[in-house]
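First chain A sits with chain B, and in the next complex the same chain sits with chain C.
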Partner chain A sequence: MASVRRWVLIGLTACSVLALAYLPPRGVKSSGKSVFVGQSLQATRARQYAQALAEEWRNADAVVHLLEDRQRVKRDFSRASPTMVFRGATLPPNAVRNVETVMDSVWRGLGLGETKVRVTVVIELQRPGSVDTPTPLQDRVAYLTPDTTDRTTCMVSLPAGAYWTLFILGKRDARHEGFGRFAQWLQAGLGPCAFYAAYGTPGRPVRSWLAARNWDVGLYLGSHGIAGERFSSLDLMGNPGFSGFWDAVYSLPPATVACLAGRRRGCRAAVLAGAADEGAIPIPNVILVKRRWWRVQHLLPGERYLGDVARTVGRDRFLSFWTSGQPVDTALAAALKRSVGEWTADWERGFVRPIRLGPTPPLGATVIAVAIAVLVLTVVAATASRRQVR
Partner chain B sequence: MSRLLGVLLTVSVLASPVSSQDSLIARLRRQADSLLSAWRDAQKLAAVADSLEQVRATAGSDTIAVGGLRIIANPSPLPLREAAERAWPVIDSLYGSAVEDLPRYPFIFRAVDPDSSVRRTVLHVGVELPWDLDVRASTNVLLTTVTAPHFDPALADWLGAALRPTLRPEDERAAVFVQLVTAPSEAVRGCFLGDIARCKDVLQLGDSTGLLARWYVTPAEREALVTGSFTDYFARGATAITLQNCRQHRDDACTALLQALPPGSLPRPLGPAARLVLVREALRAGGRDAYRRLVASPNTAIEARLSSAARMDIDSLVARWRNGVVAARPKPLTLPWWAGFAAIGWTAFFGFCALRSSRWRL
Partner chain C sequence: MRTAATVLLAIVALPALLLGQRWEQQVQGRLARAIDVMQTSSRLPVVKRSGMLNTDEGASFRTPLVQGTVYTIVAVCDDDCSRLQLTLLSPTGSDIAKERNSESLPILHFTAQATAVYGIRVVMEGCRWNPCWYAIAVVPLRKTPS
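Moving on, here comes the complex of A and B:
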């Protein structure tokens, strides 16, 4: 009985010591001030409704302009590269020639010449806003793909924004590399139309797959990064050493994250997202690529995925995939001559070291935990081995 | 007859895509027009709703007027009048005659209890502030949220930071002094030593070509820049080999990598504070109309605008900037004469204790 009392006292004392160590005594003030987070300003309901209508109008207006331009614009048969049209300002002839020269070099750089599907690029120069209409589409590129009414024209509506508008008008020198950066911008702007020009109209399964995912794997045919020598959508996520990178990672779909971790099944799922949908392809088929397109990608850096596939497998095998009537996974695996997941996981490793997923306890903590577990098991085993039944 | 029918049929089949496209465009155009008309009506309604919301949000509020500042806020213990009395001279001295329009843009504040967990009503107008802010914090709120007079994108782009009134300009100058003496750049060092042409280079005034060679003069600087700031960026793909060459002290590789950076990515040798101090210096030298002159011609080169604002040539302005920054050298830490003896004494005392104690004594 005396020994039990002693142990109870020891237990209570230990609890008191722990409580003193961990619980602050009464009357202590908080060390810091409470963090006040002010609300951000919200538009009134009426204003939000007006903004939503403006957004709808912008999209509808972009579609109408693309259709009208497709009917109206006369092709420039003297050049193999895209026909250039400027809206928003009348350009002096030398400015037009400068832009056409850069586009010619971009076109040659992509390995394109005379193509069956011709591309028309409408550059929307920035103009002052009007109170009568919402600000026109300036934050996204729109593409009108060939359809039954015109099987040989792919239209691009490319908003120039303030910077490139001034550059095209000759009112501002582009910083540093001038035309090099301008060429990069034009090349990135060609988007899906570059694929149409290079490989023609895709077969129905591929078209349906790409439409279902808004062409996120076919936005860029070039071999460099979409915004410069090495710059891809992965770079927009930041550095893995910072928390912002992980916030961005966990806002992605699970298959995309799994692919970043180098998991083949994840890569396969990320590539084939939308392939099972047998959705109807709308006519006219207008692809609107939003300003922050990298936030809705299923694969990173997906914008160059099909371009890299085409460069890896060669023109003939890519064409067999592109125009195939088979399901996308079968056609793609046949072109790659490997499983889609395996090839894509290897491709992904070329851009990013596989991220680590799941818990990562520190080595010291693991050693301590295992040591405690071994100690407890030893004590229990020793006690059990000495126990006698009387 | 049958041939004629055949021709007619062929023509109608060929023409059908064109006519169907016409009708499609017409239908979409009508839809867009209808949306536009609905948007115009919605805009009018939204303007009325916004105006009503503004009236509702400011109903029962007090209006405080100090100089050109107008503050509308609900009754609370916030020391807004005292804050406005401290903020107004600072705002007036920075923007000068350009603040004439400021009364048209009143501050609208909603003071709220910072410790309450009661759900607050949605904020459509103004800014929310906790009502336990002191005068200094309230003054800072006024200084950072004041509607700045017109500021064009070219100037903002060059400046790299917002030009705001500040209560402690000397801190900004001291920060620039620290940049001048610590930036790993020969050009900055040259500026610190009084070379005004170098100062203009590092402040990005004048010729904007060949910035890499003028900002990072020596191969060691370029290598340090690549390995210090862009290793992760260049470590993959085609640039990985060039990066290795750069690490092996090959300047051509380092230069090629830095030239391949996207536009505007080359780190400036001096932070935005340096350019802010220069603009403040120009405005101080130019008098009450200096700000107006600074923003008067947005298409002119920055150095010409600064020169016009300060009413002096750019070299004199930059020299004045440099002198101001050098004069703002932070005070070095001075120890009293006995501090050294005290430190040695304490060291000796603890050493003596350690030597006296036995190995096993607790």
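Moving on, here comes the complex of A and C:
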């Protein structure tokens, strides 16, 4: 009988190991392609080459325009809020004033007044494309951060797209679209430049850390969601009840997923990604934020992480972190007065209930498997008990 | 009437003109006060430089100093600056004197042994809101009796 019990235990252990190894992770269907990732059909090599070339051209074009604008644009010293410049169309004076008024209120809403680093926002109004050249940058926002050639200007290149172009030109009725959404769009567009304005140029360790991760934790200074009252990059992933959410979760780096599960070590790793690389900061330092920026975040909703840190610890402590010469983990923990992982895990819980990780067998399959296992074990036990040694 | 209008215009326009130049004006004011308290009797001009630096960044410039003249070199910085380092360099580039203990108001006294172009280097060692503005003055005080 003891021998049978041992075999039963070995059988159950083997089943558990196999289940851990082979069962699909939570939320993932065994077949079907990812809806979230949305893979496109494979293009020909010539087309891929043309697209890569156009991409390079767009990036270079954005950098050149930002550098030119930084030299050329005269700052408007009569206003504390950003200097507004429009490209692509000549705006009537009242349209310019309208946009400036909204920006002034956004600026005050962020608690900003006169700042050491001033911001210039270049709004790229949509214009018809040319057949000779690729369409200029319209699917990403570009930021030119201050450097040794100009320590007090942060430039934003903000493509308006068709929707906001019509709104700015007064061809779309404000009563239907609302200034609220326009203000939100402008505020989100300030991106890293809002941090430069509020807290100045970061110290070298922080600058290097943020450059290594393309500023994914410092894209939004506001206290509301980036695209609405409570709308963050987490909402862009969809509902946990749908498989698209899980596809998106498992396309994230492991530390990011661990942090979503409420694991402190995962949160720490997600926050400090890039902090160990003491990479050179390029001059000019241009940050390109693509339209689907949330797909490459190391932390969700990372865009508001540094803004929330600043609001929690207060200006003085945040500035001591921001300009510190110490490594990022040390400086951040000192500002938070807690370990980075612990604080971040609590912060994450404020947005999403910790997801459950690990294998999840479907109920039907589990019932069948257990029934088979019980049947087999019963047969084996019965056979073993009747066996006679002669 | 015209005077009143001018005064009114000045009152309205002044804050706008000052906007963005607060820190520059802060250091210029401090430098002017620092120079005022030094009793210069030399006819040589006071050399001034100003600019802005982030934490741990430095800037240098060169200035001629006249043999036998006593100079005071003073540097000031804005409210957000906590430590500024000031160094006087010989014509060959080696350190002659360094002041880093006076936090945001380093001062060096120097009598030039020879007429030559000397270097002055300033390093922003502490700035809690980057960049920090600084200003330097090389003030000739008097000629030493030969």
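Note that the second predicted complex is superposed on the first by the 312 of 390 C-alpha atoms of A that agree within 3 Å, B and C clash if a C-alpha of one lies under 4 Å from a C-alpha of the other, contacts with A are read in each partner's own complex, and residues count from 1 in each chain.
Quick note on the criterion: a contact is a pair of C-beta atoms (placed from the backbone, for glycine too) under 8 Å apart; a residue touches a chain by one contact, two chains touch by 3 or more.
In this text, all values refer to a predicted model and were calculated from it rather than measured experimentally.
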item: Partner chain(s) touched by A:I10 [first = chain B, second = chain C, both, neither]; value: neither
item: Partner chain in contact with A:Q42 - chain B first, chain C second, else both or neither; value: first
item: Which of chain B and chain C A:R204 touches, first, second, both or neither; value: second
item: Touching partner for A:T323 - first (chain B), second (chain C), both, neither; value: second
item: Chain B versus chain C as contact partner of A:I372, first or second or both or neither; value: neither
item: Chain B versus chain C as contact partner of A:E68, first or second or both or neither; value: first
item: Chain B and chain C contact sites that coincide on chain A, given as residue numbers; value: 148
item: Chain B residues touching chain A - in the complex, by the definition given at the top; value: 17-18, 20-21, 24-25, 28-29, 31-32, 35-36, 38-40, 42-43, 45-46, 48-50, 53, 114-115, 120, 122-130, 153, 208, 211, 232-234, 236-239, 259-264, 266, 299
item: Chain C contact footprint on chain A (complex, rising order); value: 75, 77-80, 114, 116-118, 146, 148, 151-152, 199-204, 319-320, 323, 325
item: In the complex with chain B, residue positions of chain A that touch it; value: 34, 36, 38-47, 49-50, 53-54, 56-57, 60-61, 63-64, 67-68, 71, 132-134, 148-150, 162, 171, 173-177, 181, 227-231, 235, 239, 284, 350-352
item: In the complex, chain C residues that touch chain A; value: 16-17, 19-23, 52-57, 80, 127-131
